[in-house]
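After this come two complexes, each holding chain A, first together with chain B and then together with chain C.
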Partner chain A sequence: MGKSASINVHHVTRVEGHGNIVVDLVDGELVRCDLEIVEAPRFFEVLLRGRPAEEAPRITCRICGICSVGHATASIQAVEDALGIRPGPKTRKLRRLNMCGEWFQSHVLHVAFLVAPDAFGAPSVIPLAESHPGVVKLALRLKGLANEVCYTVSGRHVMPISYLPGGMGRWPTAAELERLHRLLVDARADVDALVDLFTGIEWPELHRECECLAALDDDGAYPMMGGPIHSSLGRTWPPHRYRDAVEEYLVDHSAAKHARGRAGSIRVGALARYRLAHELLGWRAQRAADALGLDPETTNPFHYNLAQVVETVQAHEEAISLVEELLEDPAPEERAPVTRARGGEGFGIAEVPRGTLYHHYAIGPDGRIERANCIIPTGQNLAAIEDDMRVFVPALLDLPEEEIAHRLEMLVRAYDPCISCSVHLLDVRFLRGGRRNAADGEGGGG
Partner chain B sequence: MSARHRRVLVAGIGNPLAGDDGIGEVVARTLAADLLPPGVEVRYPGTDPLAVLGWLGEGARVLVIDACRHGGMPGEAILFRLDDPDWRDREAPLSLHGIDLETAARLGRELGVPLRNALVLGIEPASVEPGRGLSRELLSAVPRLVEMARQATWALLQEEDEVKR
Partner chain C sequence: MGTATRRGSRPRVAFFSFASCEGCQLQVLSVEDRLLDLLGQVEIVNFREAIDDRRDDYEIAFVEGAIVKPGDVEELLAIRERARILVALGACACQGGINAIRNRLPVARAADLVYGGRRDGVFAALPEATPLHALVTVDYRVPGCPIDRDEFLEAVRSLLAGTVPSLPPHAVCVECTLRENGCLLERGLPCLGGVARAGCGAVCPAWGAPCEACRGFHDDPNFEGLGEAFYRAGLPRSLAAEKLELFNNWKEFRERWERALPSTSTT
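Then we have the complex of A and B:
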């Protein structure tokens, strides 16, 4: 008779939001392995209905404090696509600079605050601050720098409300850009230190081939601002055919929709981008990947953490370049005109820190949003996380249940899920023969 | 201009899309609409209390305005120092964000951040369910809360003046 496992870990910490992991192992057979998202859906698409289209970025950026620039970016792109607006080159650069700030902020927060405790044997960032204060101070400095990028671009550290159809409502002065440039250049040693921190760390062995998706920029830059959707299986779709690339579906155990590609579960986010576009990284980021030992063909989801460090370097260097380009002509750019005033359908795609974010709006002739559809990266990764767990758990059976639960938490954290966006913490619950222990309680997070 | 050159930052924390969690931003924005004394700047760090640690580390004094379950009636506010050892023991989590203000303060304490230089105006929410706008209880409390924020800002400015003297 094989092993039966019943482990119950409430509130898997260090992820954004609330959810449960439920594992049912009976006589060595994995009966159930689910990632439950138990929060009430936020229905932000409904919030958009009937609102003037230009308000959409200001509403959607409030969905989440961590992904706010990404939502604003995909949202404004959908509005501009529907209204036939093509923003000018400086506007596009300023928006990309803000995305660099958000990538930098989000990735630093994830790897240094949420993952580093695992790597350095601390239960959370508070004891880590006691045992490794230098790590946490480094992270706070880098995060502060990321805040400055977003503050310079949009006047706010998060949740930018300066995105307007065809342009930006705030334009940084030359003095503000010069100050930001100094801060960014001075931080190179800190960014290198972050790479050193994660060099040589051993990650759990888990290899599972999975389709990777990312929207590659039209201009050959590292994927960030959206474009055709590329698959590691060799297919490509234009943005308006996103539903051919990603199919959402409902599952009983999750308030968040799951998603699949043409061959089952899919991965999006830093690891998928790295796999599909590693050759587009700048030399410093490629050097970091080399130092970290990150193989472009890796199928180990724990390497999401390494890909995020590489993308931190990329976002930092890109930010420096973009500020330099903006300083060549820092005067504000005129807003681009509307060319399709009757409205229509618009598609906005952004590669946000956790993956590909889709916003799809139908805008009526009165300029108001009639329908909206948003597909969130975390929802796209949920099925892949469950498939990973199904492969991972049988390899862990010789470990104490507490250690199995810890490894599963690490796996979920590697994807850096933002459950707040997909519908909010994680409980890990092992069942024994389909029965929850009395000690399990009702569970369900917040 | 770096925060270290300013004296007092007023930080309206929260998410206006989450009901009364937006009260921090509303109070800060209303305060900013008035003529503020030189050396006072209003910031909107969204749902990121960690930003406060950075500003304190740069030498600023900070007034944090945030929704906070302290056990009072909706709209009731408490004012306390971020280094106050008692507030961690309150029944409910103090803040409503992923990395909450309490965790940020514990982190700051470990790292030697001068938490005493921050005052927190914690406002009891009625509802933080996703939706738009403040509850009736908090809407009616805004003028009183803005006045409390104004007085707290002046208190921080006076502390700064005393240190410089």
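Then we have the complex of A and C:
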């Protein structure tokens, strides 16, 4: 007789959105191993239908507060692609700067507020603030810096304002850019301290080979603003063939669509980008990766946390360079014109903190959105998370169920799932012999 | 547990999230420099996005999101029963927000378009996306998409001091004028600042985008006047109606503007 276990975590904490983990092990056989996504359906594709195309970035950024710059970026690129608009080089720089701000904000929030409590043995960030006040103050300073970047570029971080087809609605002044430059340069010591914080931490051993996907920028920069989709299995697709790289499908236990690649589940996000493009990192980020001992070939999903620290350094250094380049010629750039007023299909890809984000619109001759499709990074990672859990659970069986649940939550958290994006909620439930615990449906399960 | 140092005297506060982007909770976390001060004044007993602890003995509940699926209503009623003060955070909670755009379609049609017609289990949705006040008494509102950090802090301060948080009674236009943004309508942009409630500092017009009334309406909105202003700007009146659908499509609000601005939207 093998072991039986039933684990049931209702609403996993310290993730963005609502989800549950349900594991059912009967006589050593894993009957169920699901990450239930129970977020409320919000029908974004319906919200977009018939709306004027220029509203798309402002509507879709509301899919998720924490990824709102990424959505605005993919969305404006899809609109511009459909209408034949080619924004100028300075506009592209300003938008990339905002993406740096969002990466920085999102990664710092994840590693320092949501993951650090596990790393330092605190139940969450509030007790961490008492046991390790320096860590939390550092994280707050860095997060505030990211807000400054996004505030300067787009008025605020949550729901960026100034994304207009062909350009930006407001251009930061030279004085604003100079102030931002000072803040960014002064923060180098804090960024180094963040790397030190995560150096030498031991992560659970979990190795599982999995296809990694990332859209690499055309200009050889570290992947961020979209481009051809690359696979660790060696294949490449142009953006408009995204459906060949990623296929979405519905499963009963998730309000978020799952996705698969050519060989089953896929990984996207910081670890996938690092694997496919680590040689494009700047020297400071490379140095951080070396200090953290992050192997480009790693197959351990817990190393997402480390890849995010490396990308935090990258986003910070890139932001400094971009501000310097923008300061060379701080005059506003004219908005680029529409060259295909009859509309058509448009594809917008952005590498957002959690992975590759696809926006695909059909825009009619009246300038309105006829159809929209968005493929969200968290949805793409869900199948991989479940496959990881299937490998992980059998290795944990000697532990008490509470500890198993805790490890599984850490695993889910490592992917930094954004369930608002994927629909939105995360919860771990262990079942025993197919029966749910009495606590099913109540908070604090496990 | 074991979070508080001076448990007992501080008000116990909880955060809850229904259908939304959780951006309002993120705005709460974005008060950075003042966050630790704030944490010293209250005891947070439930904030799933940031902490593991979950308790039900809260006095003040901050609730973001709209009510959209089976189970939401019961959960909201339970929160209302436990909380002495319930504060609606953000456009989704206050007005239904963008969630309510889908109310123009029967839910079955919306499900056909997005989930291949599935409405069972995790795909189940209520016929309408609904703001909180349509179901329970809401004591205070912090409006906006997202909420304004300073306005949130001000509301917390008021509640801690036992006073009533208030909202500016006037239009976004007033703040836009003070900020010397220049009128977006005069530039031919479909701006709703004339009917929208101030308090955001006219941040959207300042960054080049028209106001979309995410904070709802001010105390005395004139929708006929808005239609007239659109007409004078060379924009169809129906466009004003269409813009109002974005954040104010919940039927109670829609009834108010639709009398003056018949909508032509049929999608």
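By definition in this document, the second predicted complex is superposed on the first by the 438 of 446 C-alpha atoms of A that agree within 3 Å, B and C clash if a C-alpha of one lies under 4 Å from a C-alpha of the other, contacts with A are read in each partner's own complex, and residues count from 1 in each chain.
FYI, a residue touches a chain if its C-beta (ideal position, glycine included) is under 8 Å from a C-beta of that chain, and two chains touch if they have at least 3 such contacts.
Predicted model, so just to flag it, every value in this text is computed and none were measured.
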Room on chain A for both chain B and chain C (clash or fit): clash
First (chain B), second (chain C), both or neither touched by A:126: both
Which superposed partner A:50 touches (first chain B, second chain C, both, neither): second
Which of chain B and chain C A:36 touches, first, second, both or neither: second
Residues of chain A touched, compared between chain B and chain C (which is higher): C
Contacts of A:250 with chain B and chain C, given as first, second, both or neither: second
Touching partner for A:65 - first (chain B), second (chain C), both, neither: both
Partner chain(s) touched by A:143 [first = chain B, second = chain C, both, neither]: both
Which superposed partner A:116 touches (first chain B, second chain C, both, neither): neither
Superposed model, chain C segment overlapping chain B, candidates 109-117, 181-189, 199-207 or 235-243: 199-207
Chain B and chain C footprints on chain A, overlapping residues: 16-17, 42-44, 47, 59, 62-63, 65-66, 68, 113, 125-126, 129-130, 136-137, 140, 143-144, 147, 156-159, 420
Chain A - residues contacting chain C, complex: 11, 13-18, 36-47, 49-50, 55, 58-59, 62-66, 68, 109, 113-114, 117, 123-127, 129-130, 136-137, 140-141, 143-144, 147, 154-159, 161-162, 164, 168-170, 250, 252-255, 420, 424, 443-444
Of all residues in chain A, those that touch chain B in their complex: 16-17, 42-44, 47, 59, 62-63, 65-66, 68, 113, 125-126, 129-130, 133, 136-137, 140, 143-144, 147, 156-159, 179, 420
Residue ranges of chain C in contact with chain A within the complex: 1-3, 5, 17-27, 29-30, 32-33, 35-36, 39, 44, 48-54, 65, 68-69, 72, 97-99, 101-102, 105, 110-111, 113-116, 118, 121-125, 145-146, 203-204, 206-209, 212, 246, 265, 267
Contacting residues of chain B [partner chain A, same complex]: 1, 15-18, 43-48, 50-51, 53-54, 57, 97-99, 103, 106-107, 110-111, 130, 132
